[in-house]
Amino acid sequence: MSTAPVISAQNLSLTFETNDGPVHALKDVSLDIEKGDFVSFIGPSGCGKTTFLRCMADLEQPTGGEITVNGVSAAEARRARAYGYVFQAAGLYPWRTIGGNIRLPLEIMGYSKADQAARVRQVLELVELAGFERKFPWQLSGGMQQRASIARALAFDADILLMDEPFGALDEIVRDHLNEQLLRLWARTQKTIAFVTHSIPEAVYLSTKIVVMSPRPGRIADVIDSPLPKERPLDIRETPEFLEIAHRVREGLRAGHADD
Amino acid sequence: ADDVTLQLKWVTQAQFAGYYVAQDKGFYDEEDLNVTIKPGGPDIAPTQVLAGGGADVAVEWMPAALAAREKGLPMVNIAQPFKSSGMMLTCRKDAGIETTDDFKGKTLGVWFFGNEFPFLSWMSKLELPTEGGEDGVTVLKQGFNVDPLLQNQAACVSTMTYNEYWQVIDAGLTPDDLNVFKYEEQGVATLEDGLYALEENLADPAFEDKMVRFVRASMKGWKYAEENPDEAAEIVLDNDASGAQTEEHQKRMMGEVAKLTAGSNGALDEADYERTVQSLLSGGSDPVITVEPSGAWTHAITDKALN
Amino acid sequence: MIWLVFAAVAWAFGMWVNIRLARLRPARWVSFAAPLVFGATLIAVWEGIVRGLEISQVLLPAPSLIALRLVSSLDILWVDFVQTVLKGALSGYVLGCGAAFLIAVAIDRFPFLQRGLLPVGNFVAALPVIGMAPILVMWFGFDWQSKAAVVVVMVFFPMLVNTVQGLQATDAMQRDLMRTYAASYWATLFKLRLPAAMPFVFNGLKIGTTLALIGAIVAEFFGSPVRGMGFRISTSVGQLALDLVWAEIVVAAIAGSAFYGAMSLFERRVTFWHPSQRN
Amino acid sequence: MRSSFLPVLTVVGVLFALWYAAAVWLNADWTYDKATRSGETVTATSLVADTWAQKKPKLPAPHQVASEIWDTTVMKKVTSKRSLVYHSWITLSATLLGFGMGTLLGVLLAVGIVFNRVMDMSVMPWVIASQTIPILAIAPMIIVVLNAVGVSGLLPKAMISMYLSFFPVVVGMVKGLRSPDQMQLDQMRTWHASAGQTFWKLRLPASMPYFFTSLKIAMAASLVGAIIGELPTGAVAGLGARLLAGSYYGQTIQIWSALIMAAALAALLVGIIGLIQRVTLKRMGMAR
Amino acid sequence: MSTAPVISAQNLSLTFETNDGPVHALKDVSLDIEKGDFVSFIGPSGCGKTTFLRCMADLEQPTGGEITVNGVSAAEARRARAYGYVFQAAGLYPWRTIGGNIRLPLEIMGYSKADQAARVRQVLELVELAGFERKFPWQLSGGMQQRASIARALAFDADILLMDEPFGALDEIVRDHLNEQLLRLWARTQKTIAFVTHSIPEAVYLSTKIVVMSPRPGRIADVIDSPLPKERPLDIRETPEFLEIAHRVREGLRAGHADD
């Protein structure tokens, strides 16, 4: 492609100082994400996926290397509200109803009242939570909370979506449904998506690019460009191409684990 | 009318009846004065209020006034309605106190906050150290009331003839249970309730004139109160905003106060002044005042007021 | 006039230094320097204003005079400090906080008490301590015991309210976990509720530090032996020795701040896990 | 509400029993003192009778206080200077004004401290130091100075209330405003919420449990402040003046009735805050 | 079997009262779990799986029907410390290190100091967290926290294990590893396990009995007894029997969703 990458990491490193010594969460990670890419991150637990996403979001300061988002620093991109972020835990505010939680970023970004209401209704339907608008978070099941937090990130228009295991707590059916919805949304809006998952099929099904990471210190073990077409019915998951990519991912993961 | 603010030394009670009577009977009005009477309290130093400009004239005891003067606050006695001292030490007989010789090794309650000076000079005259121990006396800072005596926490407490003494009696001790030592009789009396104003203010003839009228009306009030003690006590009660004073106590207090004001026409008696100063100067190692004050009193006001 | 200009300049300079300090990387010395600079600024401004406006020394003495007095009266100040802070405030603080803590735990333990004692406790604890002071002096005598009693009453309420609130500060899942272990009341108390309550408990303890000092000093106004900070303050006001009054106040402020600071350090060690301490 | 009736009654019952017993115990000294001086002997019944009926007891019996309160509230016109209702009202107005000002000041300071590093580092230690100044010592000076510049009446008292009540609010609110966890703050960052938005939508709601706890303490402190403020105004009026006057004349019954009145006032005010707390937290979904 | 069921629910119902009306989380659920059973619960998000598990654990009071555990009431069983529970969210205490969190139930149940240390070391290894004993929860990744909470439930000896989506936040490799470990533990100790999951293969691989639930009000749609042998190598997942059961579960789930 001719355009500059949307997200570009060069030799990114991050070390946490803890009470018993430093933890190297990321080490010399370099990656370019182009506009319209759907990039999945997959890797063993604790390998630095969340940390990497947090660096993109300017929630963590790398201790080495550089990261740019939309051509500017991560901080500037954050200030320009370039992305929506779905956290690994739902993190809903207990004093706001589900509707209120989803409305929160809209209020902050100054959407009109009418627009707010319309968007809340729309995303609640998308994640199949219509009717739960006025419940409080603790009145919802774990999966429902997770869906509410996805809805919150989708409610406003950001070109980039950073999603940290958004579908971890969902059953296969809902998950399939949301996978489809997400692909449709992505195709329609041309968003760039960075997506952490533990499910190999999900990674393969969704992505144009799969990044396999290996643990401590977190490094990129493999980057797989998917040859699958943009149009992906659910049963593409039974095709040989699909299974082949899945196999490659699995091998990459296994290698990473052996490292450990 | 001219405004005058008077700061009292203590809460509203018959000790200050003269001023309330003058107010109530319109004596101040007659002198074309508009007087505001500010009651005092346990933490109000009339000297400080005077310094801060919160009052034009204050009721204060001479030891405190002279000490303040030495601290650089030029207070001047412009009138002395109280001729004699009402201070005394009230002791329990069952604590073993018959004479001043029995003080040794005992605990005595004393008022501080500028009221300790007469006591300290008395003790230095008796050559009793106030640091405690066998040969001295242990001093307690007595609170607002006579509890230490009733609770047997002190052998003696400070009382005024017109006030605290009667609280001891009211509490159930009889005069037979008590021995009292009047400062007046011990020869260590210092001048009590006098009227004080700031030197720099007095330099202003208009202010001086105001004070003249004020003193004149106040003394008229005092004399009226002496002659009509019950009515005066009623007036005081009417002016007590706290609603806590009792009629019985105020009438009795008025009777006692009248004995102290009886000998005064308002003018300061130079001999009394000298005696006070000498007593304060002789305060042993830590005298209240170190040098003979000058200009601490004036007859200018009373001379004009009483003629 | 010169002094007023001096005050203004001192103010501007102090603020400037602190803003610069705040921009530095956080470091231990900065967190010490900043309040010192701020304090020095306040003192300079005070000196300037007192001299500039020629405020009478019997109303508000200049800091320089207070400092002189502080140095020359160290012996008196020490005696007063021992009497008021070490004997009165400290013992009352320990007793009062301890009692409030235990009662809070008891209230939390028995729903009957929670419903019965908490309203009554709130009522009793809301007795204005100032009014209690003369009574307590009457009951406990003139020496430090009555001051400690006043301090007990004073620190009791903040400690009680905070501890009760803190003991309720666990979330549902944390409590459920304990239920699955069929943890005894005591195990739940020591392993869950108390640790979770600590941020609140320290709130109470910190507020208590300053209250203890105020309480001990104020109680001396209602009767005392002839030493103690409260005694000295009230006596000296009567004698217009305002420099000594302020010297005592300085000592009180230093002692109180040190006390509070010690509690904060302690808090930092105990509640290191709380978001407010992690920043 | 009804379920707490019996427990409260029981506790109050026990308290009164203790009180009566303590009255006997504390007042006995005086009874014996009197008896030895008059040569009478003291029997158990005469001891109890006397200790519950002294004129200036060390600890008045509940019924003595109750009848004094009855006499000075119900039996007096509320405008009378001898009515406790009148004095309560005077104290209450200063308390509320001071509480309002103190809460406002406390919250403002806490906000400044949480959002501004300069303030956090330099002001907090001095806020603490300010609280160690014995207020009773400088209250008269404050009143004298304010009087000198022509401010008198309610305001000086309210300022002392404010001085005492803002501190618990600062301490509690600083903690409360810092209580949101890292993820909640991170969320706000991802939306690039302004400091103001983070405050209104995250920090403030999250601080509510701390806020109400602080308010309760501040209210109690504010009442103490108002009472302190009434002492050096010349003990003119208000519950503080009653306390002082009672204390000055050794009228323990009067002291206790003023005390009980003040405590009732404080309990009422704290109770109102508790009620507001319950309703607010419930509406915010924070009470389960 | 001749023995009485370990867990037995009869017509269990549970209705939550919320600010806008009642929510029927469970309705007339009846189920028997025998000693040594490994029962998986699978069903759409919000169908009442967690609620059901919480009823077994006596953390929720049913509003109708009855439940017995080990032949006694759920409350008594809880007091007898009959089970270990893994919550859907990790729920570690922030003031304790990872080691301290795992030690917590051991301290409460009065294990000896030496025993505590040995067990902590052992379960930490089991969940591959050796070396993180002295870290605090917030210093761990989401998946690591989840593993710590599993370790906590495994550290003490309970005959029953109640696990609410324990492996939701884990990558496939770790998940496979833990699946194997769990099966081994189960075979060795004869524990009875109730296990909530969203992964159909996981449910089929692990269970002797799969309970498919359908949502609002939560009901049991299907109970499938697995014909798979007790000895299960990982590649059993490619056998036709396996795939057949998986298919049946998927159908059951889909039916439940159609209800919705």
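Order of writing sets the labels: A, B, C, D and E. Residues in every chain begin at 1.
Simple rule for what comes next: a contact is a pair of C-beta atoms (placed from the backbone, for glycine too) under 8 Å apart; a residue touches a chain by one contact, two chains touch by 3 or more.
Fair warning: this is a prediction, and the values are worked out from it, not measured in the lab.
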Chains in contact with chain B and also with chain E, listed by label, are C
Suppose you hop from chain C to any chain it touches, then on again the same way; how many hops at least until you reach chain D?
1
Comparing centres built from CA atoms, which chain ends up most distant from chain A?
B
By count of C-beta pairs in contact, what is the leading chain pair?
C-D
Chain C to chain E: how many Å between their CA centres?
50
Would you mind pulling out the distance in Å between where the CA atoms of chain A average out and where those of chain C do?
49
Express in whole angstrom the distance between the two chain centres, defined as the mean CA positions of chain B and chain C.
38
If I count partner chains per residue in chain C, which residues reach a count of at least 2?
59, 134, 138, 172, 221-222, 234, 237, 274, 278
Multi-chain contact sites of chain A, meaning residues that touch two or more partners:
89, 136, 138
Touching two or more other chains, which residues of chain B qualify?
42-43, 45, 48, 52, 143-145, 147, 151
Dump the list of chain pairs that touch, please.
A-D, A-E, B-C, B-D, C-D, C-E
Spell out the part of chain D that touches chain A in their complex, as residue ranges.
183-184, 186-194, 197, 201-202, 205-206, 208, 284-286, 288
For the chain C and chain B complex, residues of the former touching the latter:
56-59, 134, 137-138, 141-142, 220-226, 231, 234-235, 237-241
Residue positions on chain B within touch of chain D in the complex are 8, 11-12, 38-45, 48-49, 52-54, 94, 143-147, 150-152, 167, 170-174, 177, 240-245, 249
So, in the complex, the side of chain A touching chain E is made of residues 16, 18-20, 23, 42-46, 49-51, 88-89, 134-136, 139-144, 146-147, 164-165, 168-175, 198-200, 250, 253-254, 257, 260
Quick check on the complex: what are the chain A residues that touch chain D?
54, 57-59, 78-81, 83-85, 87, 89, 91, 93-97, 104-105, 107-109, 136, 138
